[in-house]
Amino acid sequence: MPSVYKPSFTCDYEEGAHPAILARLQETNWEKAAGYGLDAYSESARARIREAIGCPDAEIHFLLGGTQVNAVMIDSLLAPYQGVIAPESGHVRLHEAGAIERTGHKVLAVPQTDGKMKACDVAAAIAAWEDDLNRDHMVMPGMVYVTHPTEFGTLYTLAELEEMSALCRAHGLRFYLDGARFAYALACPENDVALTDLPRLFDAFYLGGTKCGALLGEAAVFPRPGTVPHFFSIQKQHGALLAKGRLLGIQFDELFRDGLYGRIGVPAIEAAQRIRAALQQAGFQQCYGSPTNQSFAIVADADLPRLGEMVVYDFWEKLDADHTIIRLCTSWATRAEDVDALVEALSQW
Amino acid sequence: MPSVYKPSFTCDYEEGAHPAILARLQETNWEKAAGYGLDAYSESARARIREAIGCPDAEIHFLLGGTQVNAVMIDSLLAPYQGVIAPESGHVRLHEAGAIERTGHKVLAVPQTDGKMKACDVAAAIAAWEDDLNRDHMVMPGMVYVTHPTEFGTLYTLAELEEMSALCRAHGLRFYLDGARFAYALACPENDVALTDLPRLFDAFYLGGTKCGALLGEAAVFPRPGTVPHFFSIQKQHGALLAKGRLLGIQFDELFRDGLYGRIGVPAIEAAQRIRAALQQAGFQQCYGSPTNQSFAIVADADLPRLGEMVVYDFWEKLDADHTIIRLCTSWATRAEDVDALVEALSQW
Amino acid sequence: MPSVYKPSFTCDYEEGAHPAILARLQETNWEKAAGYGLDAYSESARARIREAIGCPDAEIHFLLGGTQVNAVMIDSLLAPYQGVIAPESGHVRLHEAGAIERTGHKVLAVPQTDGKMKACDVAAAIAAWEDDLNRDHMVMPGMVYVTHPTEFGTLYTLAELEEMSALCRAHGLRFYLDGARFAYALACPENDVALTDLPRLFDAFYLGGTKCGALLGEAAVFPRPGTVPHFFSIQKQHGALLAKGRLLGIQFDELFRDGLYGRIGVPAIEAAQRIRAALQQAGFQQCYGSPTNQSFAIVADADLPRLGEMVVYDFWEKLDADHTIIRLCTSWATRAEDVDALVEALSQW
Amino acid sequence: MPSVYKPSFTCDYEEGAHPAILARLQETNWEKAAGYGLDAYSESARARIREAIGCPDAEIHFLLGGTQVNAVMIDSLLAPYQGVIAPESGHVRLHEAGAIERTGHKVLAVPQTDGKMKACDVAAAIAAWEDDLNRDHMVMPGMVYVTHPTEFGTLYTLAELEEMSALCRAHGLRFYLDGARFAYALACPENDVALTDLPRLFDAFYLGGTKCGALLGEAAVFPRPGTVPHFFSIQKQHGALLAKGRLLGIQFDELFRDGLYGRIGVPAIEAAQRIRAALQQAGFQQCYGSPTNQSFAIVADADLPRLGEMVVYDFWEKLDADHTIIRLCTSWATRAEDVDALVEALSQW
């Protein structure tokens, strides 16, 4: 008996790459290119990103994955005795196997609500160090780390980021954005943070490729060139420099051709909106209030098997003894028929 | 005036990937796969590699590049106070921007000839520590690192590796192979080290993808599973774990399908043989005696511009005030017409 | 006008060393001794400690200070991908400037009450990792760190430590004691943890010298020799090996001669008891319930200047907008007349 | 049968401390002092050192030992991707168990003669990086490390250090002095490098206490304050900050009282001169040409037992199959009668 087809919404990196990327890889396969990101594809990709963010001088490097880019950026931006302020729920705090600590830096946890920190809590963490008579014995906060969208799919407002940016400037901290899913923010009507805002707000940020249509790759951006001298050698030393840099250059050149990065997340957001509507209709309580490509619902444990027959979902966490929070995650590659199937199934819940 | 076409032999990662890899990426693009190397493609690739090396129990992990895999393997196999014995010319000693030292380990340099260490020199380095009354104040040798083919394109004999392997066993050191270009050894008539010899000889090794037909990727192999507990977490912590692990799985699945890895280097070797013959005929003195895909020639500095009109070569190093060693490097992607053009040009030198 | 003499109780390392130590340093000054802890004084000190803890095979090393010994012990006992469970208030978490993170390890904070963790909270932290489907992406708990007395002067009961020790054994974690102030536990009637209990309870521990009568120095103990191979080299590599090891050997030889370590804290405890009684009589609310040499009281901010005229106290932390917690710390060197002066002053509060 | 008394010259840290230091420790023992180097003794010591080196603004920190101070200074002065140029024979390269590499930095070895590097060899090492087309893949030289006196007891001339200092300035490298035995240079007639030359020559240096009369301790000096921001926190993070900082302050306050540091090595030099004269008279070939407190002689292996009956010497290294180089080391604590005994014995060789 053949297994029944079930749509899967477990994460946003289940598929390969956007077809334009594969086509370009095919088309350029036999061209010869310099290594280590010094190739013409990478140069073109940098030019397109600079234009997209409205920052002609930005220094841009391509790295391979999210944990890696976070570790290298944080390590290169901090002094050895500094730590990074991050939400309790931050990816760097919880899900990177100690990659930040391996570079010698403490993650200074700040409370969060739905994945977002409040400027007042960040200010309190900074003041806790500044006002401590023994601060020279403590880890000095050197950076504030935010994700947008957050791990919970939520969005900061531009005003919130402006406030936190001003706070960082006032206290001499770096302000850094983990933009692993930034394309899904751009595709979301609720989002008011534009690519062109980033250079003004942040000392450094990265725009995600892996979760936004690439096979792999993240674009690390320093709006002010020379922010970290010799970043190339730092990349190399961290094992984060790709020999065939063309692979990253070609992908970001496609992602930023004709504004694709701003559009690629649209199907994911539309699919997520349909899923959230269907969940509501079916009577599931939703949580975190994510307007982006991740949707979260509370499910009685007794109902999980039945839900599991309809869809491959992602276990998020236990809420209490009898309930579980599940995640349904769409992506640039989500197919309408998969959403149809889930919506149909939920309509009979 | 259009520039005249010139063949280029600067390195073995100038092109994209073997067509079979691109085709498979295309074909599987919309399939959904688990992340982090837990996908079916990676499992299949592991099974094929295990069969190719004749080691059904081998533990296999896919990493992203050569510097990274060396740093992670060396760090995970050594105790913190141990160092790695490597030839003075070793890639880990010279060309990795301190990536090994960043993990806290000293590279203990041993003399080399044409890129190869002698077992007696390795033995002397081990004895220097063992016999030193103050050895507890010194860096303890914990591993011997070899490349095959070496940075100079030369090959160890199986007997030489057997001897060094026995030496490591006798003194409790790990024996590790950097096989970045192993496919070019396999394609070379002079080579007598088979894939099936590796599990017996080495505690750990990696088979290169980046230089041998893949877009990126290296297959790290522990013949004895559990050699390094929790290697997955170590990979993650080093930022060396790919989210879309399918990208590595698919590539190695193709490289090891129907013995492709054993054949993929053949055109490179044949091209290199033709190039070396042409160099000889043209009167160039060659060096190191590489039988693999890298060829080295001594060129009077005065002749470099003329040579540069014929071919894009790689500067290797200055030999003396008036002479330079150049490298010509072929690969799985080298086209016969490029070799023809160079051979023809050299025939009129 | 001369400043009025004020007793000072700011910390337990304000004075030099126990007179027996100074006398012995004087007496042995011109004797020649081997370096690096290989001298006869260090050997004698080790023998005395082994006898005191009832563990004839214990492996003992002398290090220089608390932050250092914690960093070296934690780093040498953990695998690189492991973290250390410690109370939110733990010295390693807060007051060591990131010394633990510098060795690459995350501090996994567990709730505390009066400086003590509960076994159930530790068990929950271990389970949180063990039960997490993504645990390979998380920091694996590898050790439980306790202080006795704690940072708040409180004491674990033997039963509590037995329970936590069993928990560690059951789950394969190391159990480690920071005994910076262990002499003050030994001198305290409420304490039921004997020196001879330590080898059974812990995989490793250190007995503090700096705060307990020495000029500097901590005795690191592995009840089972070989727990960490090549610890000597690790010490050296961390810059934690004293050239004139005699200085540490002589001090611990004196501290453990005729049971001095068990008695040296007695005056501190008696003084602290008198201070706590005087604080109570003066109507101050005390906190944490420390029975050892540290006493804590809540003082209205408005009263701080008046208190500051009587005694040099240690600011501990702000309790709320109008109140501060202060610490009064006695030591082996506390003089009765200083306590008299404070008690007298408080009697007129 | 009692063992015959034999003078010992194995190293310069066999004894305790200069009597003035012990007396001062005794005298100040019950005074209360702030911790972590913020005490009045440390302040006084800093003032005296500033005066001795003629640099009123110098920033001075006290650390605990040679390996530690080298590791902390090198790590804090280099960017993560930089390495330190040191002689092949340098202590940091060979005898510190990888302490420098543990901080992530490569030691770039330069040839030496009798423990000294030549400016031209240092210049060549810098040029090797600057001229390498692939220098971004290499370890960038960031500092030049010299010892004075060297590990072989030899001395740089002021002119040699001036040349190397100018070279460092011209190429943007830090110039750093390991002055573990600087007091023995000051006591040596051949030396023309004064304490007051150091601030001009070096970006950072340390003046040794451990080998020059203290129980332990090294004074790290930055002639230009703020060279390394937050050095205090860096010290703490490395476990290199002493709680009872008074112990270091008192010692250096004594070592620099009334110029003691300039005189304390005189007996060592006079003793070494007598020993070298006696060795020559006895027909031993000497080596390295040390004019300071270390003397080296070549001894036929067959003669070692007989020599060993006269004196406890230090094995230095095997010269060839039949000969050994031994070291005889004097110190501030060397007693004339011990030298008499050795000279007398050698006179009958």
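By written order: A, B, C and D. Residues from 1 in each chain.
We adopt the following convention: a contact is a pair of C-beta atoms (placed from the backbone, for glycine too) under 8 Å apart; a residue touches a chain by one contact, two chains touch by 3 or more.
This structure is a prediction, so every number in the text was calculated from the model and none was measured.
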Set of chains whose contacts include both chain D and chain C: A, B
Most widely separated chain from chain C, with each centre as the mean of CA atoms: B
Geometric centre distance via CA averages, chain B-chain A, whole Å: 34
Averaged-CA centre spacing for the pair chain D and chain B, given as whole angstrom: 42
Separation of mean Cα positions, chain D and chain A [Å, integer]: 51
Per-residue overlap in chain D, given as positions that touch at least 2 other chains: 80-81, 96-98, 102, 136-137, 233, 236-237
Chain A-touching residues of chain D, taken from the complex the two chains share: 75-76, 79-81, 136-137, 140, 229-230, 232-234, 236-237
Residue ranges of chain D touching chain C (in the complex, touch as defined): 8, 11, 13-17, 19, 22, 25-26, 28-35, 64-69, 71-72, 96-99, 102, 210-211, 215-216, 233, 236-244, 246-247, 333
Interfacial residue positions of chain A with respect to chain C in the complex: 80-81, 83, 94-98, 101-102, 104-107, 133-134, 136-139, 315
